[in-house]
């Protein structure tokens, strides 16, 4: 379309039905439309990097369903995060899959999996966030393994899965409370680590802020941190790094 | 230049030395350069709205002087905020004026003053911030009056200057501590009010956060708030509103 | 009434039934009553600037209905903000209009619209706050346009509506999460911008504080900021600036 | 050594001078020493990922010099961060190089540079942090480009350097104040982005917390965030991702 | 009882059945029991100053009822604060009075009222806190007047009640949002003012912290501040000051 | 003067050189001037309640001296708080007295002392704040006693001075760290207590916020709290209560 | 099992079916498995120190039941904290005991009680936290006494139980609001004190943070502090100290 | 003295020169004096538990010296914490010893050392705090070992000193940044652990608050936490536990 518009102007210049000066004036006002379709191009690139996503929390069920159907018509693959079974039931989209552990609804064909992303959690309460990361990265085309509940109290299980660490290209570590697991894992490997603070805990866990700040202050240099409970962001980042060529 | 480039492409299309498809491809990569000079245009507009400014705090004296001389060569009018006498002395720019109360250095011709901006302070400690607002708005071309030290303890002086309130088009109110003055002024007038929290005070003034939050919670609806001690921003906003046509 | 009282005193002085000294003593005790009716005058002015408003949240339904009916009897135009359908249904005021997107109830005749206020949102979750601003400014007599969901992910749609920006006199920008949209819009125009932080987001969005602080720290100077989710205040301020003569 | 110890035990078992049961008991107490040399191995790996580093801030000059000389004797390549010219002068290490913009001292041979890391800053005040990232990644063996002062006010310069973005494998973005630059860059590319909040700004910039929180809340999913002013960590992470095979 | 114990020891000394040294040793271990009954004495004094009170919030209904009945048996006058109609209904104490506006249950005879405490609120949402103060002070024996909803928007009503201010001995001012009313009242009178921050408001009202901090930073010196929503404490303090002889 | 003006108008009405209507119109514009001289009256009252005061911190020495001399010319009694020896030396006011422990300069005749204010501190570091309270209350005309360093570690000294508690009418308690002393004193007496949090301590004392919050949460109901380190405010409040009739 | 594996390797070495070098290589990769069973050993030690525990809050009922049954099969003694009657009812474990005051479910035989732990609370609202500490320490084998509701208002009851203090080896003190009780108890004894801040209170109690910070700032040196509402942690620590030999 | 007073009263009772009733009345007023000398007794006990201490920070040099000499005259053993060489030089007390690493001055004879306290630090920047703990515990009579700089980067050194852990009775762990070391040590031992957050680090270390909160949220139950940088408190607590019988 925008291509058409451009072509129309250039054709007009070519067949001299439009003066060069007028074309300049017209084109000067185009850049934003240009950005517009540039962004479409860019969106195409983005789609290889991060998924189309609807963040369901804070929207009404009606809004989520309406936006989802519009997106589905354009035949896109996309995710709905922080969703509920209720939203899923009212979607009326056949190919939608509900992931109950993370509250994600994924829509679209499976992709071939590449690379190797490992998702770890310190405790069982961190699993919903970890699953959000795992489902997201997998949806984007990353091969994903997970090892859950390997905090200090279950460190031996982490060790039992040392092979997973060695075989991974990037590691997502979800932890609440004091958020120490990324530092411990970082002491065992030089793979890029993405730390996700979880809002588990009480009192001075401050809804995940303590884990967040602890991760940002890790004595292991070079740990990537994302927002509290942001499994989706961690999944996107893991996939970007995992598939970097 | 960019105009020339555009003309060159269009001329090439016109005289058929460049295919329409190639022109499309070329133009698609232009938008960012377009944005670039669009921003120059836009900057020209901006210059009518906000001044060129160098924020001196957090830069070395060398950096400030170097940037200032570069800007001066382009013959621009500009401000240096949060500056010191020492910076001023090492500038070596003849037309520079140092405003000691606010720590602003202004460079460039006086503009004709329009409209009417009133700057109020609750106390004498708020004057440096108020002066930053006043010098900025004046530099941009606004007529500025000020009435200082008219907090609760000197409210009668505010009343003595009621005429200034009535004659103004927009009012900047600088206050620290409990930041109540904008609410009081807002109860006396329906002019747009720009509230500037000052970092004066101690203890639970929390470096101006208490005044900021109080101003944001004013029971007088529609008060504009800017960052703590941000006289420069208040001056820009006051000038934008003052000269709105 | 107060006029009557004043007249009575002055008449008494004139016909010498009251000594000058006694009149002085009496008048000295009047100022507060003076303020009282001064405030009525002032209220009249205010009504041209900001609407009468009942903030429903934190009041019982009974209180809201009772106050509303009292105000309605005096035949005033007024708004009820943060209201619910339930409150609306129990009002029993014929001409009341319920705006479901913002939770505002407006009561009173339509005003002729002047000027041009543009309301933008970064996402769909910000719409309730934006609608509160739009309904308020419109109720006060401002012409209002809105373009919603034009955050970074939909910037091209903002560009598609560039004409709206150019035609507006003042722009309200509602954004949650990192609150970056006002800076982006501020880079495109020199119109006064009113930034409204929204409490959308989770984790370190801190209920809107992050967006608020980001807006206060915008590198675009002169952005007006109001309280988190304060669409009403933004609407009042936008109207004040929009109709400034 | 530990190898020797192990060999000694196993030889004893082999030549039956030690019972299997006793060997088990002995070996059970070994793991920590095992970890000890395991960590040495691991350290070797680490050295390929992150540099040896002495964090000078919070240590006395004497401590820094003493530790540095010890490390130098072992002939290691290492960095001293947050250092001063004064520390550099008292080091007495010939091959040490002082990087004044970042306050880093680097010791050791240059490495062959691989890949492509791009370091961006929003303003000139962010340069020290950016330089810390750049020097670190370069020291570790990454090829590094930088483009400084490309915040909103200089976005066109960013666009002028679009080629750098396209040619990079990973991008470090340093920004203070409202921390919006990572979102803007993230809208232009799908490369992994490492956001570094800088403590520049005043008032509600809260020493970098606002930029940090804004970055963690970016509407562009999958941005990696590190601690405030943590250029070193960003450099390590950038190098890890840049050289991932 | 303790008196008995003391008497017993002293009698033993008197009739020489206990050596002075032994009595000293015994008495040295008594002080804590002494404190015990000293506190009873002191409690008696206290009861003239502050009421016996059960803070219902955070206790189960059963606990509240059980403690209340125990206290009632000892025939005491006491208050139950932050209570509900439900608790009131299950009390089974005849003379109990439920004050629905404040959620206080008062038990015990009316006292003769002395002095004059004035309770003001900025808005209607502040009334529950104000009522808690008023009921408490009245229960303790203070004469109490109240004027509600006299914030900036209704200042003239405050002025209409100027006589109440002049006739009062101490003034309780309840305000949420920006908490400016105590400063305004403090500008009109030199009576002791007790400021009570209310948790009304939203966003940066921070659950009353902003009002609290603003009140602590009042430019009117010598305002007494109590905890957020602490009407009970304000009532006690007002009564103490009101009845000071 | 204002009296004169009023008289002039009323005389004009009386002698009919001014119409009643014109007088009404004139008088309607008077209230602010009325407030102005009302405030002067009020100031006179205030002076009996709180002293004229110059808060030196945050003002230049020049400003302090200049304001002081102006006030001195009007022959007023006033205080300069948070002052230094250097300011004192440059004042050039004969009757000025410097109180080194509190940094107060007092100017004006001694007043006859009434009532009885007791000032307590938990530690020796709290003495500057306590002295500010003591000097202020004494300057205003209150009799002041003090007992310093009677925190938990020196509670027996408090007990040794129990007579002072009993003889006082109001008690100021200054404490930093955990701020527990007001609760302890409040358990021993029913006198009004004014708690002053001090910024002594480190770590989680948070510059006095912990003491402040602890005092606001005292389980002894009815403790008056002022801002951190606000000895001046405590002194004013103590005097107001102490001299209440 | 791991023992078996070790034995197998050593047997292979012994019977020369495995070369010493191969054994070294194999054992070098064992340490983590070693840690694994070392942790089992260590766990055994731990079990003497802290109990196996399932933190029910933040887990689904299904997860809690499933983990509980697995643990029960291994015949372990363990606790479920922050549990509900509903979880208890669905457990289907005969020997489980529900402690309603604390929400703990304990599973396993009673242990012989040693030493003497005293648990105190300031108020009745603190009892759930105190009971969590008491049940935990008792479950681990400590003799536990408790004295509840002995805050300032009931200090005499503390004194009446002075014998309990003297006979205890370690004291747990639970307090909300201003958290002053540990300082008061610390002034009466030199026993180790474990302070538990409770989230009781409102306003500036900040969900227990104020009590926490006050306890950390106690002027009595050497008070051990645990997380807000962390009765379980306090119980573990008390038992560790109580049974230290 | 108080003994004398008691004796005098009892003698009077004995020789009947004082009536029993009068003696009761007199003794009832004694408890506070009783407490006074009870506290002296208690102080004697305390001295076995915690040292007399002067906290130098926040006091003038003169105050410290004056208090020190007074205490020295009474021939007491005591510590001065957070002191400087300058204070030490001006003390004029022969037996004073200055510990430069911690800034402690100790005065008094060496005590015989008992038990075994281990002090660990994560980094070299934590040593001043650790030394404060070590000097304090040693001064009180505890045998103290220390192992410094055993954070994640040097964990093998911790393991090399595993024997120290095993031989200790109580362990003090000082750590800044993410404060993870106590959790790691707690995974290796069941000894009581006292965690001391250090204010080392920058950005989101928040002056030690992050380490503090992380330690309070440790997944290892039963870790005792003290205030940020509070080596003195940790030393007292360690000694109390170490010498518990």
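We call the chains A, B, C, D, E, F, G and H, going by the order they appear; numbering starts again at 1 in every chain.
The definition used in the following text is that contacts are C-beta pairs under 8 Å (C-beta built on N, C-alpha and C of every residue); 3 or more make two chains touch, one makes a residue touch a chain.
Since the model is a prediction, treat every value here as computed from it, not as a measurement.
The chains that touch subunit A as well as subunit F are B, C, G, H. Hopping across touching chains, the smallest step count from subunit D to subunit E is 2.
Against reference pair D-H, the listed pairs E-G, B-E or A-H yield one interface repeat, E-G (criterion: more than half of contact pairs the same by residue number).
Centre-to-centre spacing of subunit C and subunit F amounts to 39 Å, using the average Cα coordinate of each chain.
Contacts with at least two other chains are made by residues 35, 39, 155, 187, 203-205, 209, 212, 216-217, 220, 227-228, 230 of subunit B. A list of each chain pair in contact follows: A-B, A-C, A-D, A-G, A-H, B-C, B-D, B-E, B-F, C-D, C-E, C-F, D-G, D-H, E-F, E-G, E-H, F-G, F-H, G-H.
Interface of subunit E with subunit G (complex): residues 32-33, 35-37, 39-40, 55, 57-59, 63, 67, 197, 199, 207-209, 212, 227-230.
Interface residues of subunit E facing subunit F in the complex, by the touch rule stated above, are 39, 42, 45-46, 48-50, 53, 169-170, 187-192, 194, 212, 216-217, 220-228, 230, 232-237, 239-241, 244.
Subunit C contributes residues 122-123, 151-153, 155, 177-180, 183-184, 186-187, 201, 203-206, 209-220 to its touches with subunit D in the complex. Those residues of subunit E that touch subunit H in the shared complex are 3, 6-7, 10-11, 13-14, 16, 20, 23-24, 27-28, 30-32, 34-35, 38.
Considering their complex, residues 124-125, 155-157, 159-160, 162, 200, 202-205 of subunit G touch subunit E.
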